[in-house]
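In the part that follows, the structures are each spelled out as structure tokens.
One chain, chain A, appears in both complexes that follow, with chain B as partner in the first and chain C in the second.
Showing the complex of A and B:
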């Protein structure tokens, strides 16, 4: 439908919406640098996210880029592709931008340079939506840098806070290292195939056989390593707890949900579409199985011993990277579309419940609660809504039937059985059981422990509450609406694996 | 006289390994950055040499992008290192341990 009414480049509408908003924020700040525009910037950011989200949902419902609507839209000589998968992930990414934009308004009340904060968030989100549509290694590398560079600055943005700067430095050092590894991996793929577009590389691998299989194999493993940094998977996960703890809490929410989802979309696309024919060179499915099991185990075991709530959530988000990696690890040639669908649907639900949990921490920091789990003792008395919302988010993350998280984990379990990899199913169940323990510690603190004497909450910031309510609404609604998500995920996965 | 293609691959692998070595042993954040630059330039050597071999411009074009992005990365990185220096009065990366466990 849209093909007949709009030019093809309009398929990139969400990207344009985000980048235009970022420039608008900078423009407002240039014209009137001295006045206080916190509310305006937050409104613009939320509006930009909503515009991108609206366009994407409209395209999805109108079958743009899907088999019924004329197939994927290929732009710029095959460098970008807008298909079901790109649109599906753009929905997650723009939704997180909306939530973070809403929440940042209250959180940043005393923050010195808000224009920089909002425009960096929007630029990073632009990179993420572009990465979802990347169809060549050149675009993928540039988009990853466009995500990373603003993220480094955002994490370190509290310039006089030692934790923030330290987290930013660690994030930057690991990020610079992994992007160098990614660039070298891409150069090795170019050495062995002579092209950098996803389709030409895939064709070259299948057509010629490979002259130097060792070089291509190294390249593939290095690229997997570079992407593992974005997904916060082992062995490139060290930055995550430090960066999430040091960063302002809305930034942690943004990075742990949106940045991770963007890392996964490019990994799914590259490994199912491009390196599909290279399994004889290096068995990346086995590599992904090892990564998945190790990542979920390391994340969940480390989360068990955390005393500080942001680190606990950081390790839980590493564990979830392991769960989502099942979508790659179970691609053993069974029902690949189903496996990929399960991973995409899990990332969709995760986007809402994880953002919600980090926004509760943002609320806690706004109230000056402190960073340890004990600081949330007795929250039910002063802020019952926050306590209920946090309980739902955490139990949904654990995979208990409190929201969409239960169904998405069930599908991941089913997917690992479908792929015939029993060890993944066992690891998934064991790790989910472990995760119930540490999530329960936070829930117990909020509901059963007596509050500290000086716990006195007077303010109820509207923006933060609205963002949390939205995240809660979607986390709960995604349980009955999970079939709807699955349907779109399956259409997206079908094009990529087909 | 033309250099055989294996020569470029060996050169780039050597530069990359020097970079990795630097990353692993250097404690100064600026030297860490220089080591990362070496690794990126190792990728550029591959891209440019094999761009000539394959007779297309893809590799050289991507090398230009990598150079530009490396510069952008250093700009952000130096900013973070300066603010680290102001907070910790050191640019030794092993000093950044206040949050460990």
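Showing the complex of A and C:
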């Protein structure tokens, strides 16, 4: 099935599905502001995510935007491009929307302003899918703002919770600074090349030679910094622990999985496609190597001593940003397609296992368990399914053979060797070993510690359980199905590196 | 035809199904699971006979992969799979194993059910699992699969020997059997890994097999070296490692000590596991990869010497044991020594022949011993028996047939096979492989000792006057126990016709049915298992050729009749000696005449003490040293790293001060640092 019967703009179907759902939620809330629409909103959000996911999977299987199906679809004067990479990440993003939409239904039971919550989530997701398809710096910048602004509000959405408001404000301040850095970087690139579109900039760098390498170099590094904010890579990570901890847990899941993935897709695209020819100006591969190693190490070491489970997961997700950065850091001119494929596949698996882990925390908060690791003591007795699921998520995150995480990390290791960057491989192994320790702390609490006397779980919220079960299913299935993911990732990676 | 529809899969699957049925529903079934076991093993036997007949009538051997669990990447790397290799050797073994399994199941009805044992569903499930493992081991088409089921056999043996786990003896014996064979399996495991690492494949047969690869490696023209070892040395080393597993499993010296203890298990188990099948697994493995061993004269010599020594040494032990099952246990060790001797001596057909006949007559003897034990209400000491001949006629004649076969009396089965293997060894020794003279001499001497202990056992148990009340008034033996003995007794008498090697000069080579079968002469196609010159790769003839070319084994062309006469003369000397010593109604023990040697013999030749010494001084000291290294250095490094990581973690955690102004400052500083470093290194300001 190709797009011969559909107009070209239909390639943006997932984006339209998400934005339309967001507007629909707002419309329902405007027409009948006083009645309780929690179930309806959750259904709409999940439905919107599913529609986007369905369209994307259909396109992927129908070779839309793939080399076999006529190649990338370029829209709006080259400002947007729908290709294998955009579709691949849209699958991750919309899947996370589905999981978060499902989980939020129970989590938000006593929450006053649910229309705002769901519409903001959907709008932020719209920005993410748009970012995945961005093909110019203008669109990239606007998409990032479209992701960020709703995110700030989402983090601060528990208006009477001090942590939530504080986290939101810090997120906003660091975000504003990062946006400024990004915008400045883009302007420097514009000064050097005279263009804002990805392809014109790339051509200009190769064609004209660079008159003032310093200006372009500054621009490139500042853009890397701006993107690092979205990826939550050191030293642009400071917002992450505070925002994740303060935010409602489904929002933390959304930000740490989807928002991060969106940050990576634009980074992959810009650096492999646009700045590929600028390696003589600034060796951004080395910059990425520094960022990757530092991010891995800081994230994992800081997670070691955390007492609170959400902060632990926050640092773990920072550490994973470092792992995924290997996809940039190992682009030393070896098998670049393979390196990028490994990074993409890792983010795919990560989307499910990390969301799942945060949703377990959402479940814990729903039960009122408390925020510390020891509040999860003896969870096996009252909620064996949750304990099993959390164990799988955490050990998959650690890279043990409990789910797809083992294979994706193996491929990252392989990629660092393929790129000939031994320090990345060593850092990956050491940090993974460290991560087993702190993940095991949570697992030990759940399985071997005696439960607190007042631990009494009676409710088993359907939506949250369904979302966790789905995340678990995919985390486990991605182990045998990893080859399938790799195939699509490789097609996507091949276009941008080729 | 899909590999899963192959009859060999059915042969293997039947006992597994029986095991599962017995496990889940056994406690509600009549006879507690004996029926599913009987039906399943009978099914296996039927299919196995069919498969063997098909091969005998010309159908090509089966060599198919059933399930691949590690497939390599893009055709690179090793492949781990389960597959079938049904050739004449494995088909013969399938028939033997399933035949004995059926008979032992039937015998168990009398031995276990009618004696009112409890937990019989566990017993039959164990038998089923064991039969399954053994059959799967037999059809394995690669070394890894063989190893997997080899280990499963060890587990089943543990479970079955320890069946009466509430008594003190059986659990201890089960542990010993498990641990001692584990020592051999350790070498086998290293060997399996070495095979995969060296040759990239574990397949027994076919163009991609490690045997074919080894032929290339041994060939000095290819210039293969590994750590300064030549190809020949690598093959020798791997051959010795795998041999370690075979020595453990087939209870060869010095890893034989577990087998006599394993007699603590139920006697039908001894008949099936510790006489006819599992103990055969070790030598079967050697026969399975004989093409590999034929490349290595050094390892062949080791095999022959170990075999010959074990045959002689275990026979002397059998001579001084007082308990019926102990005599049989040492006799088993001794007989597998003969099989090893045959393999080392270049007599592939003879080895397989003796493996087959021994399975028949030794399981017969064990069943006979079981019947005697039941009849005398669990008396095992031969000195407490005597005179059972008139009271247990069927058992006596069955036991007699087995004994004559074991002693190698013409024309019973054991005569033909033992003679064949001694002749092959002698022929190759005379052909120039001088080390075989030593092995042959030990084997020949063992003939006399074998006859001596066999006749002693027979006389003490069945002849003379009853020495106790229980022997004077034994219980009757039911038909379920008698029927298997009758079947096996007939086979023990006539199985020699498979290969009347001693008379090949008179009858002609074409009467050697087994040799013909194992040489693939009955086959009309080879199922892809062909050699370069179009022969059958797994045939006895091919092995003989490899032995000749690679190991320098030449046949001197001696007359088999002459060798047979020598052996027969020794056998008669043995009979005469035994009758002289133990004749009459009330024989003497003669132990006192042995003097100090007697006390050595009575103490198991101090083999158990030696192993305990080995474990407690050598192994324990090494373990303690390793423990110190592990605790002090390895743990120290690991704990040190952990402490460093934790303290660093604490510091990194404190970077997160909670003050957003600090964050922005560090963010900007970090970016500035990045810009400065890259600006300076890239020379933007120069």
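Remarks
Note that in this section the second predicted complex is superposed on the first by the 497 of 498 C-alpha atoms of A that agree within 3 Å, B and C clash if a C-alpha of one lies under 4 Å from a C-alpha of the other, contacts with A are read in each partner's own complex, and residues count from 1 in each chain.
FYI, a residue touches a chain if its C-beta (ideal position, glycine included) is under 8 Å from a C-beta of that chain, and two chains touch if they have at least 3 such contacts.
None of these values were measured; they are calculated from a predicted model.
Look at A:181: by the touch rule set out above, it reaches both chain B and chain C.
Look at A:217: by the touch rule set out above, it reaches chain C but stays clear of chain B. Applying the stated contact rule after C-alpha superposition, one finds that A:236 touches chain C and leaves chain B untouched.
Shared-chain residue A:460: touches no atom of chain B or chain C. Shared-chain residue A:207: touches no atom of chain B or chain C. After overlaying the two complexes on the shared chain, residue contacts for A:444 are found with neither chain B nor chain C.
Applying the stated contact rule after C-alpha superposition, one finds that A:170 touches each of chain B and chain C. Comparing the two interfaces of chain A, the one with chain B and the one with chain C have residues 169-170, 173, 177, 181, 241-242 in common. Here chain A touches chain C in the complex through residues 169-170, 173-174, 177-178, 181, 213-214, 217-218, 221-222, 225, 234-236, 238-239, 241-242, 281-283, 287, 290, 298, 301-306, 434, 437, going by the rule given at the top. Remark: chain C residues 642, 645-646, 648-650, 652-653, 655-656, 658, 660, 663-664, 666-671, 674-675, 678-679, 682, 684-685 touch chain A in the complex. Of all the residues in chain A, the ones that touch chain B in their complex are 137-138, 141-142, 145, 149, 152-153, 156, 159-160, 162-163, 165-170, 172-173, 176-177, 179-181, 183-184, 186-188, 190-191, 194-196, 215, 241-242, 245-246. Within the complex formed with chain A, the residues of chain B that make contact are 9, 12, 16, 19, 23, 29, 32-33, 36, 39-40, 42-44, 46-47, 50-51, 54, 56, 58-59, 61-62, 65-66, 69, 72-73, 76-77, 79-81, 83-84, 86-88, 93, 96, 98-99.
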